[in-house]
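Below are two complexes that have chain A in common, paired first with chain B and then with chain C.
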Partner chain A sequence: MNDDTLPTFALGDALATRCGNTLTASFVPGGSKIALSAYRPLKWSSRDAPSDSAGQDMVLIHMAQESSLYTEPLLRSLLSETNATFQTLQTMCQVQHGTKKGSEYIKISRTYRSIVRCCLEKLEHAKKMPEVQEDETKEQQYADAIMTFYAIECLWYLFEILYMQQHHNQLIVPQLLEWTRFHYPHTEDRATDLLLMAEEASEVDNYWDTLKTLVMLGHLDVTRAILSQHRKANQAAYQSAETVLKTMPIYQDGYALQKFCSQWEYWHNDLDRKLVSQVFAAEPELEVLMQLLKGSNEHWDEELLKSQDWYEFLPGYLLYTRPTCKPFELRIAVTNWHNRWSQLRPDWQMTQMSRMVRQLMDHDVKLFIYEAQKLNDSHWFATHLIDLIYHSGQLKTHFDQQNLDLPALRHAMIFEFGSYLMTTHNLWQLGIDYLDHCGQEGIAAIELLLPRIPLKTERQAFKILALAKRRGLVNVEQDICKVLSRRAYNDQRFGSALEWAIRSKDVLAVTAIADFILKHYSKTGIMLCQDVITSIGGRMFLSPRLVFLSKYYEFYEFYRQRDFLSGAELLINLLASRITPDYFWPSLLIDALPLLESEDPKIFSKETIAILQHLEMELVPLIERNKLNTAKFSNQTSKTIFKDYRVENIEEILDLMRLACARNLARAMIIENTAPAS
Partner chain B sequence: MVSLLQEIDTEHEDMVHHAALDFYGLLLATCSSDGSVRIFHSRKNNKSLAELKGHQGPVWQVAWAHPKFGNILASCSYDRKVIIWKSTTPRDWTKLYEYNNHDSSVNSVDFAPPEYGLILACASSDGSISVVTCNTEYWAWDAKKIPNAHTIGVNAISWCPAQTPDPAFDQRVTSRTTLVKRLVSGGCDNLIKIWREDNDRWTEEHRLEAHSDWVRDVAWAPSIGLPRLQIASASQDRHVIIWSSNTDLSQWTSCILHTFDDAVWSISWSTTGNVLAVTGGDNNVSLWKENSEGQWIRINYESGTAIQSKQSHNLHPQQPQQPAHLHGSSDSDHSSNLSNSHLSNSQLSN
Partner chain C sequence: MATKVAAHYISEKISKVRWLPEKLQQSERFVTGSWDMNNNFVRLWRLQSNPYAQNVDHTPRCNDKVSIEGDVTGLEFVTDDILAVSSADGHLSLLNVQRAVEEDQIQRTARSERLHEFKCSGTSAPCTAVAVYGTDIATVGEDGCVNVLSANNLKQVKRSIEADSMSLLAVNFVSQQQLVTANRMGVIRMFDTRIASETQPKIAFMVACQDAKSCNFVSCMATHPMQQHILICGSEEGSITVWDLRNLEYPASYLSAHNSPITDIGFHNQDPSKLFSSAESGEVWMWSENKTHIDPNQQDGKSAWLSGDRVRALVNVDGVLSNIRKPINSFDVHGTRLLCGSDSEAVYIVDDIL
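This part shows the complex of A and B:
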């Protein structure tokens, strides 16, 4: 590749300039932005001292991004509408395999075009709004968008005429005429004015110019109508012109081609005869019109000098010279026409648009696609058109001959377009639909990009989670939950942290948060995020600590509701369960204290013995271990197991517990043994 | 066309050596010769949110951990230290851990893919690489060292993306299968080495030789589901080389991306690995991508004329000297987007 042709973008960072024009860049994760900053290769080998430039210039980071048209809400809606059409096309092709009717693809193609047209209309309207008129950059933005999409619509239409329709025997001149008329609407507007003016029209300055243009665009009916309103319409010359216009054969579907050709020949010869016999000599302007109708090169050349682009009058010329032109004959006609045009207008520069029109008419679709990727629409046009070509399969042989791997090209285009949308602020939801159609690579890209969408609100998080779930991206789902859990924990929203941790199925995280809640409770007596704990249900089996938390909470609830019997039962179960974390033993046993001290025994003798056993077997050794630890590291502020008031009074509490157990045992035994035998 | 969105005044007193954006691209961390690390909002032109002081020398590189571990940032410096910072809010940072088991400047740090846990790799001028692992249950840290990884020094380090076995080939294997950890390093011995962890030990798996001068930067490309992986390396010898592996990473082939006019210092992959940004002593930042034929092409924003809008890109007209350039955008007419034509010129000439 020739480096000279590469366009550059000057940044002009003062610091970068000072230290020898150097920059460094890195991609912004999950986005299409690049962060740029001045750079100097300074490493360990250099002396550690402030650099010469220290403190002289501002040290800047520049954020650069490829510009895009789609910052404008109107164009965003274009993207979302075309996204829907794209999806329709994909499902249509998945549903019915085998050969499909071309008409369905034409329908899709027209849908795309009508979306563009509709958007163009809205843009034109928006551009005229007073607030836009005042804002120059905004106006320029609209103008850019209109130009780009206008060109796209025009090219797409031409492509549809030439390549999407089944017209082996069909003639394309009428459709090409339609195409030029649509894209050069000004003449039609002027013609309407002339028609409304009726007789006075003939005095208007541009009367004949308009008529000539009308003829060259093939608007014969309108020409006739305007001429018939002319003051001299009754004169012989005008009458003959009327006849000529009226009798011109127009090909209609189902007509025998041979018959049409002979009729047309006859009409053409007749017109020629009339011109030679000076029928129109009295009216020179009218005669020019008739010469144009005859396809006189001399007269056409003269008019061509006024035309805007090379292809503007080509369909009209074909109408009067080769009305039966078939698609495959177009190429030759175009070459001749183009040579003629370049001779007439040697200084004229081909624009990209006129070049692309030429490529289409020359059947150089490959080059056309290459050029289409240079439009500043972020590949909107190329991607959708190639996808459509791929599905319709009509140009398959063409691409095979050209040695072009169409499926690979389509895949790459859709992948790029999808990644582009996905990395663009606010457009990611559209991008994901494109990446869905890129197989393994698309899924991988979604997996990389989806978790990087900033989780601004919970609602957005849920949306992203749903998208990940639908695609079976378990890792993405879990990572997002973990991030949210961590974030909630940092913000001290512990309920939310627990909820997300449970969703993430991260055992470590769940245990850590459950620990926090239990420790907090044993320290302060306040149970955090009760609503979340109530709703854990079956999910508690994720982590033993969570099971303990849920069960303990259940006990806590019984206790609060003064349902001491159920509470006592649960407490005994908890004591026996072996899932009690070390730090929670004191809390749990102290919770038993009031139950044991109750005048009316709540705990049976057997259970009381069990509590006593746990006390001696679990808590006492724990305290011993703990003492040992604190003795060993007496200077250390280690997190001992009882970091609260109970540490100092632990011996006292132990005694109290033993006492309470003994008393309850006594009471319980009396009642149990005196109960009437059943 | 490329547009400049904003400029962030880093307020650093001296050259910035590296700037890194967090996982979401929202927070920007910069590190400078002035020994500090600063944190910014990347989408606003605010003042810095925080200044992290702890190093006694130029800070070479910063790296963000995955947000599921919290807001964690690592920085490495000339002062032989690696500091891991933690924050609860973007303004409030504390030192979480300091690793100082290197005998010379630490040049590069990179966090492992989050699937492996919170693991940091550090490359030092003492020739060794450290892999520092954090047990996030107890926040306890443990380090393993690869001594003599590169003689004279290690300049850059990058992790291999965590690879999930291809479900198309292996239906039953779930992502629970133990993942093999791999690292790539580049050093002053002109070599690139690929390391792999086997039974808790790091061993040299491959040695890639193609550069003829110091390797300045290596970057493992994100994996996008293709049965191959790619590594980009940039060297003082003015080459950027793209290394591509086969499916099981047993073979690597090299392809010279381009010979630049000057030494190449840094390379950066886009998130999906489809674009590579190269910067070096030739004043340019150029963007490259691989086309569907496997050729590497410089992204070319060739101008078209369907639109005749002229826009000046001289953002700083007062600029007296030759300005630095970002290659890949147009200064005339308009251009296409970040991705280039998928048809190369050579394809057109068939």
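This part shows the complex of A and C:
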């Protein structure tokens, strides 16, 4: 890359200028931003002391971001429209493998072009709006975009003509004429004016100039029509000019090429003869026109000085000199033409576009693609064109000869373009489609980039989740759900946090939140987010802790509704379930206390023994262990704290529980062993 | 069906579309709301005859726009020219549409206080949906609250109900006083707007799901325009559940439909035998009650939608739009025209759907 083509930006950071005008920068992950800040180089030998500039200026971090064309709404729709066409092309190639027709690719190519054309039209329209006219930067923006996309359309069209169409008999001159006509429409506009003016036209200043340009662009019918309206149209010179124009053979499909050549040859000689015999001498301007038709170099050279770009009149020249030019002959013709042009206009500077036109006509596709990537369109053109070339397979042999790995090139281009869109603000839905067609690498990139899209609303999160789900990216789904769960948790929206955790299907996350809810309950006696716990249903089996929470909540509900018998049964089951977390044992056993002590017995003897057993086997050892730990690491705070909102000291309840169990056991034994009164 | 589909790219991701109400004629104007853009707008469009008379008869032209803070999440017409707009910054706005011969205009006339916020952090919570009944407007948000306001005075919230401890995704009026909300877990609750939150009756029912272990949110709900006890819900897994609100023990019908989350669902206003549903995968389907199959002896006024497993036989499905590839976020039907807004940044206008 050339040094002088690199753009430079001045940052003007006060601190940086103070310490030697140096900067450091690093890429900000998940975007195309670069963070810049002042920097003073330090070496191993520098003294470790506050620098001179310490405390004098603020340390500023500047964020630099590549500006994108596509913030402009009109260009945005270009992206979304071409995205749809891109997708069509991909599916078309997947569906009908093997039976591909060139015409279908041309259709795709035309669709792309028509999208660009439509966009150009809208841009032109927008540029003329009064509010844009006042805003200079905006106008410049539009002008730049129009220039870029105009070039793209022009080049794409030429590419389509030269490399994609199946020419009958491989004649390209008619298509090339069509191409120049599309891109130099001004002459045609002027011609229309002249036609409308009818006879008066011949007095207009640029009458002959327009006619000359028309001839050079190959618009013979229009030329004839204008000439026939001339005042002197009845004179001999005009009459024979009319004949010359009328009789010029135009190749038509299904015509024998040999026959056409001889006809053309005859017509050419005839014209030559007429010129030599001074048929048009009475009308010098008309004669020039005829000289041009003949392909007289001297006259063409003169007119060429007026043309805008080197290729403007090339197709016209070919029409009068080599109407049967074939694609492979074009190269020689172009070289000759170009040499001639540079001799005539030695100070002419080739623009990028005219260079690229040359490359296309020279069959230098490799260089053309290289240049295409330098256009200021974030690789839109190169990506889509290469993808199309790849699918149509028409230039395969060419690339093989050039040692160019087309599949790899396409892959890289699509990958880059997709990643660019993914990381650009709010174009991620388009970008992901490109990455989808990049195989393993694409999937990996999606996996990295999807979770980095800033989540603003849940609806957006659901959209990203759906994208991840469709691609089977379980990790991405999990990550996003976990992030949202955490966010909700920090915001004390525990119901939401629990639900996101359940969605993430991550056992640890679910357990952590269920733990929190249980602990909160045992500390305060308040059950959080009851509505969520009720509707967990089958999803509880994600984590044993969640099962415990749901079941415990069920018990809690029974208790509240004073359905003590069902409650007692559930409680016994919970005690025996082996999923009770350590910290919850006291609360669970305390819950049993009122049931044991109630006036009418609710717990059978067997169950009472079970409760007693749990008390002795689970809670007592726990408390012992806890004491030991507390003694051992008395200065540490990270011990298990047993707490329940109903009692101050856990050890107190041991005795209470034992007593209650004994009393209930006695009572239950008596009832159970008494035969029902018959 | 001889339908014509026209796509118009408008360079905005569209979250909501609505036709402007017209009583006697086909509506020629519509509004769109955008989301996830640098600046979000509610735009007013008008159909114009296409100057390039190809096979597309009409092209929309943007007549006016109103900038909205945050994503547009809901658009509903309160009257013929007053539009309620809910947005992701937790506010509700009223816009006024002025129909004119040349250029129509749209202006903001009122904006509410922040209706939805996360209590702990004090940040605004996105408002997720809006529903309208008469002049009452109900909004729900990610904070799980329901707010009912009157269109005549947005500054005062008539009733605020703490409905849920997670975000609500959809809201709908069943009658003047009753509304239903749906949350992220697929739980639908019914509330009475006359009662404060503490004393609300607890009516909750859950939408069915194929896999009991996975989550299944309800993203959209619709009530039958004539028989308001029929509630149709579209869900995350792509299924449609129908409830008879007179009998909440079990769902009246359950249909597996799309294979991606349903984004919007609604009956045709004038012809309630037609139901439309749109999905995240870019489809719009039309469900029409099969008139020939209805047994005249069984005509007890029972809707086909409530007939349980037989629904499939009584309802035909047609694809109206498919292959859009990007989520269709919203649609609206007026007369014979269907309007869709999509993340492909295009509006689709389908003619002659009936």
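The rule is simple: the second predicted complex is superposed on the first by the 518 of 678 C-alpha atoms of A that agree within 3 Å, B and C clash if a C-alpha of one lies under 4 Å from a C-alpha of the other, contacts with A are read in each partner's own complex, and residues count from 1 in each chain.
Criterion: contacts are C-beta pairs under 8 Å (C-beta built on N, C-alpha and C of every residue); 3 or more make two chains touch, one makes a residue touch a chain.
Predicted, not measured: the structure shown is a model, and the values here were computed from it.
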Chain B versus chain C as contact partner of A:462, first or second or both or neither: second
Touched partner set for A:113, first chain B, second chain C, both or neither: neither
Chain A: partner with more touched residues, chain B or chain C: B
Touched partner set for A:519, first chain B, second chain C, both or neither: neither
First (chain B), second (chain C), both or neither touched by A:391: neither
Chain B versus chain C as contact partner of A:74, first or second or both or neither: second
Contacts of A:144 with chain B and chain C, given as first, second, both or neither: first
Touching partner for A:441 - first (chain B), second (chain C), both, neither: first
First, second, both or neither for A:531, with chain B first and chain C second: second
Residues on chain A lying within both footprints (that of chain B and that of chain C): 490
Interfacial residue positions of chain B with respect to chain A in the complex: 1-26, 28, 30, 32-34, 40, 42, 57-58, 60, 66-71, 78, 88-89, 104-105, 107, 114-115, 125, 136-137, 153, 155, 164, 166, 168, 175, 216, 222-226, 263, 265-266, 268-272, 274-275, 277, 279-281, 283-285, 291-292, 297-298, 300-309, 313-316, 319-332, 334-343, 345, 347-348, 350
Contacting residues of chain A [partner chain B, same complex]: 1, 5-17, 19-44, 48, 50-51, 53-55, 58-68, 140, 143-144, 147-148, 151, 349, 351-353, 356, 366-367, 369-371, 373-376, 378-379, 402-405, 408-409, 412-413, 415-416, 419-420, 423, 439-445, 448-449, 451-455, 474-475, 479, 482-483, 486-487, 490, 508, 511-512
In the complex, chain C residues that touch chain A: 9-13, 35-38, 71, 73, 88, 118-121, 123, 126, 128, 142-144, 164-167, 169, 184-187, 204, 206, 212-215, 217, 219, 236, 260-261, 280, 325-327, 343-346
Of all residues in chain A, those that touch chain C in their complex: 71, 73-74, 76-77, 80-81, 83-84, 87, 425-426, 429, 433, 456-460, 462-463, 466, 470, 490-496, 499, 502-503, 528-529, 531-532, 534-535, 537-539, 541-542
